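A short write-up of the structure that comes next.
Naming follows writing order (A, B, C and D), and every chain is counted from residue 1.
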Amino acid sequence: MTESIGVAFLGVGRMGEIHLRNLASISGVKVLVVADAKLDSAERGRRMIGAESASADIEGAIQYPGVDAVIIVSPTDTHAQLIEASSMAGKAVFCEKPIALDLAETKRVVDVVLSRKTPIQLGFMRRYDPGYAAAKKKIDQGELGNLETFRALSRDTFPPDLKFLLSSGGIFLDMAVHDLDLARFLVGEVDEVLSWGSVLVDQRFAEAGDADTAVCLLRFRNGVLGVVETARRSNWGYDIRTEIAGSLGKVVIEAPQKIPMTFSKDFASTFDHYENFPDRFEAAYRLELEAFFRTLRERKQPAPGPADGLETLRLALAATRSWREQRPVKISEIA
Amino acid sequence: MTESIGVAFLGVGRMGEIHLRNLASISGVKVLVVADAKLDSAERGRRMIGAESASADIEGAIQYPGVDAVIIVSPTDTHAQLIEASSMAGKAVFCEKPIALDLAETKRVVDVVLSRKTPIQLGFMRRYDPGYAAAKKKIDQGELGNLETFRALSRDTFPPDLKFLLSSGGIFLDMAVHDLDLARFLVGEVDEVLSWGSVLVDQRFAEAGDADTAVCLLRFRNGVLGVVETARRSNWGYDIRTEIAGSLGKVVIEAPQKIPMTFSKDFASTFDHYENFPDRFEAAYRLELEAFFRTLRERKQPAPGPADGLETLRLALAATRSWREQRPVKISEIA
Amino acid sequence: MTESIGVAFLGVGRMGEIHLRNLASISGVKVLVVADAKLDSAERGRRMIGAESASADIEGAIQYPGVDAVIIVSPTDTHAQLIEASSMAGKAVFCEKPIALDLAETKRVVDVVLSRKTPIQLGFMRRYDPGYAAAKKKIDQGELGNLETFRALSRDTFPPDLKFLLSSGGIFLDMAVHDLDLARFLVGEVDEVLSWGSVLVDQRFAEAGDADTAVCLLRFRNGVLGVVETARRSNWGYDIRTEIAGSLGKVVIEAPQKIPMTFSKDFASTFDHYENFPDRFEAAYRLELEAFFRTLRERKQPAPGPADGLETLRLALAATRSWREQRPVKISEIA
Amino acid sequence: MTESIGVAFLGVGRMGEIHLRNLASISGVKVLVVADAKLDSAERGRRMIGAESASADIEGAIQYPGVDAVIIVSPTDTHAQLIEASSMAGKAVFCEKPIALDLAETKRVVDVVLSRKTPIQLGFMRRYDPGYAAAKKKIDQGELGNLETFRALSRDTFPPDLKFLLSSGGIFLDMAVHDLDLARFLVGEVDEVLSWGSVLVDQRFAEAGDADTAVCLLRFRNGVLGVVETARRSNWGYDIRTEIAGSLGKVVIEAPQKIPMTFSKDFASTFDHYENFPDRFEAAYRLELEAFFRTLRERKQPAPGPADGLETLRLALAATRSWREQRPVKISEIA
């Protein structure tokens, strides 16, 4: 790697544009090629970042001359193959979660990147949100004492469209997975889960064999009890709240007020909420990329890495199975 | 009933003193006799309220001349008998929850008071807290749309002493019961529960066959999913939070800041929490008694009444059984 | 004084009823006689508290047998005479602010009560609000370091009626006086004031020679700079906020949320405000009376006392003069 | 102007680096040359943004081939000359406030840019903060009704060093000026000011003929009363709060919580504050630059422009004169 890290950027959708904008303000990084199955999207991305080249050959872009790192923001079902190809080509990888929705495929990819010691970071961006990072620090410093309970609530503002829904893996793999990853990050590994789900928002979820409202109990190996609540609709804004309580103290991670202005009239005050993940986690998306390139420079392994991707997936699969089979499921069953 | 409602007041402990102080500021009510098994406690109560008489004969005080209503704040295991005696004597009754910890005994008492049309109110004071009352109003007005999720968190500051613990009926009957009652009050009847419990705070709970940290899933008849989280310790103050979300809106009931003062230094601000139920629910205790006497004057039935006491008990018993038997329990099983 | 303190209660208006209700819950105090120029008001008060007697002879009630203390909540222009008569009769006095709107009369009364060592407390209730009391404690403990700035904002929800307005003494004596008293209580004595006023709410204020919106700069003897903002209208609720900043820290006293419930919809959250002084300062009114009777029992002088009444009046008169004469005014000019 | 706007960037200090980072993420803008009196600073800036050239010749950089717009972040005493040179060279200008600390020089420059119709935007970034922008919208929509009061508080965390202090123009021109600009932006033009100042933080301010704590009354032409409070120290964080109240409603602009995490223990909760203008106004700095380039593309005049710079300066000069001469000063006196 020379002074500037050369990047191949794969996938220019909504999420891709967020990453491109953030990449622009990270110094010492040069996006060389932007690829997307749609060439005009690739070209739009190329212009945004001032890259040398745009391409509709996503996998080919990995081989573009000077590329040190590959950023994968293409559709979920392409992740595994692109990670593997990047790893085989000796590139570092930043990939949006998940590696794959399938356990066997995920394991295979994890084996490849581990055996090749590929530096790889997965896009569980919440870990980089200043709120979650500060909570992690408090916990690690012992300020909460012995942990006792974990609780996560996530509500998306609008249900996804049917096509996305059918390929999403379901509410536990697509949505709850962020909170399941936080549970592991902040509290530790989980021993057993129990899930209940319901269709309260939209009958299309029932037709897709999915739930739109779910709750999942977690029993951690260290005895902590956890609850993960997930829902596909929120008429009041993107609603994300996480609480961890211990023998000495408690942290609450929540960012309810989007704009620093409160309006009062008629004996009441009103303030605005965040609308979606791009605005709530704006800083997190920027900080996760900064961390990725910083660890590359320091020749360390970035985090969260492949083992996190695999363990969090097992947790989400266990939650799904518990819901389907109407029984508690041990994580050890997911093998 | 003449102009002033004559009251026999039974039980002068911590809770009794709170009710006596509130009674003093309710006009049109005259406490005639204060009774407690300890005569000096009865006498202390008598002086607080300026009653005519103090007595160590609790059940006898019901018969004191001029008594229209009996307020029962004596130990839990005396409630059933005192309610029954009051009802038989034709008195109105305000009684701290629960009627009894036992289903059969509760049913028997409920049958008595229903058959005699005794006006009776149970001390689920949270229903009268201005926060919960305002939430109920929003829900009834349809401002939340179709309800989707219910969540209650309650953490007490200090675990109770062992003696209390052994006679408390356990964490679901003693603590979670308040949130289970709110669940019924705000959302509706429950079909099925599933509980997990742990001993994380104090091994004495394990020895008592109890849990100190618990979580209980609720499936309401109307499809709403609920979670009730309960813990016996909170080093950061009395922690009570309830959330109800629907298709249109969400209410959060919480009163984190006890004193209207914030202190800032060293790049941070700090504010104080409530410490216990007497300070958090100060207004609720006063308002429930005001409502009790107001409904007596209006010759209506006060609420929550005997049916609420019975149904909420069944819910708490179901939660307990689910925890003990490690399986989901239908409320209909508790008969 | 025997075990129970005998009280003559003078004046049964809105404020009187608040005090009567609070008196009812203070043990060891017995209201013997309630007096009001309107006999039916006196009788209503008598019934509220269960007093022996009702009377339309306000001054005569001071002499009622067994009276130890007189509580004066009658119209402002009767305060001076009633305090003096109570003091001459050897009674302790609790009197709503102010002693009088006139400096000479106030001085005369203060001289009387000081020379007779009459225990007297004035109704600057905000000093007893838990927020202000906590702020005072922080300041006294040195947690703010050297004080630097003081700022008070007070907005009433509705302008008073014209009759009240004409006898109120104007915005500085009637409204700002509470914040001027807090300024002295929390920061210390003031050296110089400068006021600006405007009529922005209602032209009746101009006709009454008054302002409805005012701001007053304070230069304290200890160098602190202060600002007192006062307005006669607030469409968003009773708006009271006080800030004191020092070299080490800052306190903000404010109680924006009346009811512990937040409602969220349409990407925003809303919570309710206090509506008026009875609800915002509910606890303060109760605590000031409790403190009055406690200090009587302890045979100490209650506070705030006559010297506070006089000094705070001088401050309000100086603020009024500054506004009228359009120049800074030294408090020492008000003699 | 071709597709991409060519930029000469002048001045690479702390503020310059903030702007460079933000420029990187604005598409369609290309920084061609970065200049600073210190060549190594210029070179550091050049690398940050990937510019073609670095230069120690600040004024010369304006002439660099392809430059359409000049961004001036160099020391205050160079602004006037660089604006003038840029204007003469036909370039658009973004310049940090102020144009100059001197009225005559400011007028001269304003005359030049107005006569040449130079598109110029001054760095009063707070106007672009989402909180202030939302407040402006509420006011413009009439949701506050007739405006009545304006209040601004600004406290910096640490006093500046002596060298900066001596060339800063004093507390009103250097610090209060942001709030004076907001007063004009949100409420309208001011008729008269009255200032008080004190040295409470550091005696160096007295030696410099400056105050470190100040308060300034504003009487707006539309009758609104305003207060601007300014202080050079805040041990509790960068403290910025603005309130505008009207006949119908009130807006409060404040962003107290920096990180979306609250930590609770020992019966209290604590959250972190912003530390300085770069973190509090992070979004504002980015948004003001985005607006500048957007208006250039739309061939409109950006805002705030030269007239704002001049009027806000007159207000700050009036405030300074009022403090020095201890009398109210009409803005019309500053000519």
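By our rule, a contact is a pair of C-beta atoms (placed from the backbone, for glycine too) under 8 Å apart; a residue touches a chain by one contact, two chains touch by 3 or more.
Being a predicted model, the structure only gives us computed values, none of them experimental.
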Contacts common to subunit B and subunit D (chain labels): A, C
Higher-contact pair (C-beta pairs counted), B-C versus A-C: B-C
Interchain centroid distance [CA atoms averaged], subunit C/subunit D, Å: 42
Cα-centroid distance, subunit B relative to subunit C, in whole angstrom: 38
Euclidean distance of C-alpha centroids - subunit A vs subunit C, Å: 57
Where subunit D touches two or more other chains at once, by residue number: 235-236, 248-250, 264-265, 272
Subunit B contact footprint on subunit C (complex, rising order): 21-22, 24-25, 27, 47-48, 50, 129-132, 134-135, 138, 143, 248-255, 257-265, 272
Contact set on subunit B toward subunit D in their complex: 235-237, 256, 264-273, 275
Complex contacts: residues of subunit A adjacent to subunit B: 145-146, 148-149, 151, 153, 155, 194, 196, 198, 200-201, 213-215, 217, 219, 223-225, 227, 229, 231, 233-236, 239, 243, 245, 247-250
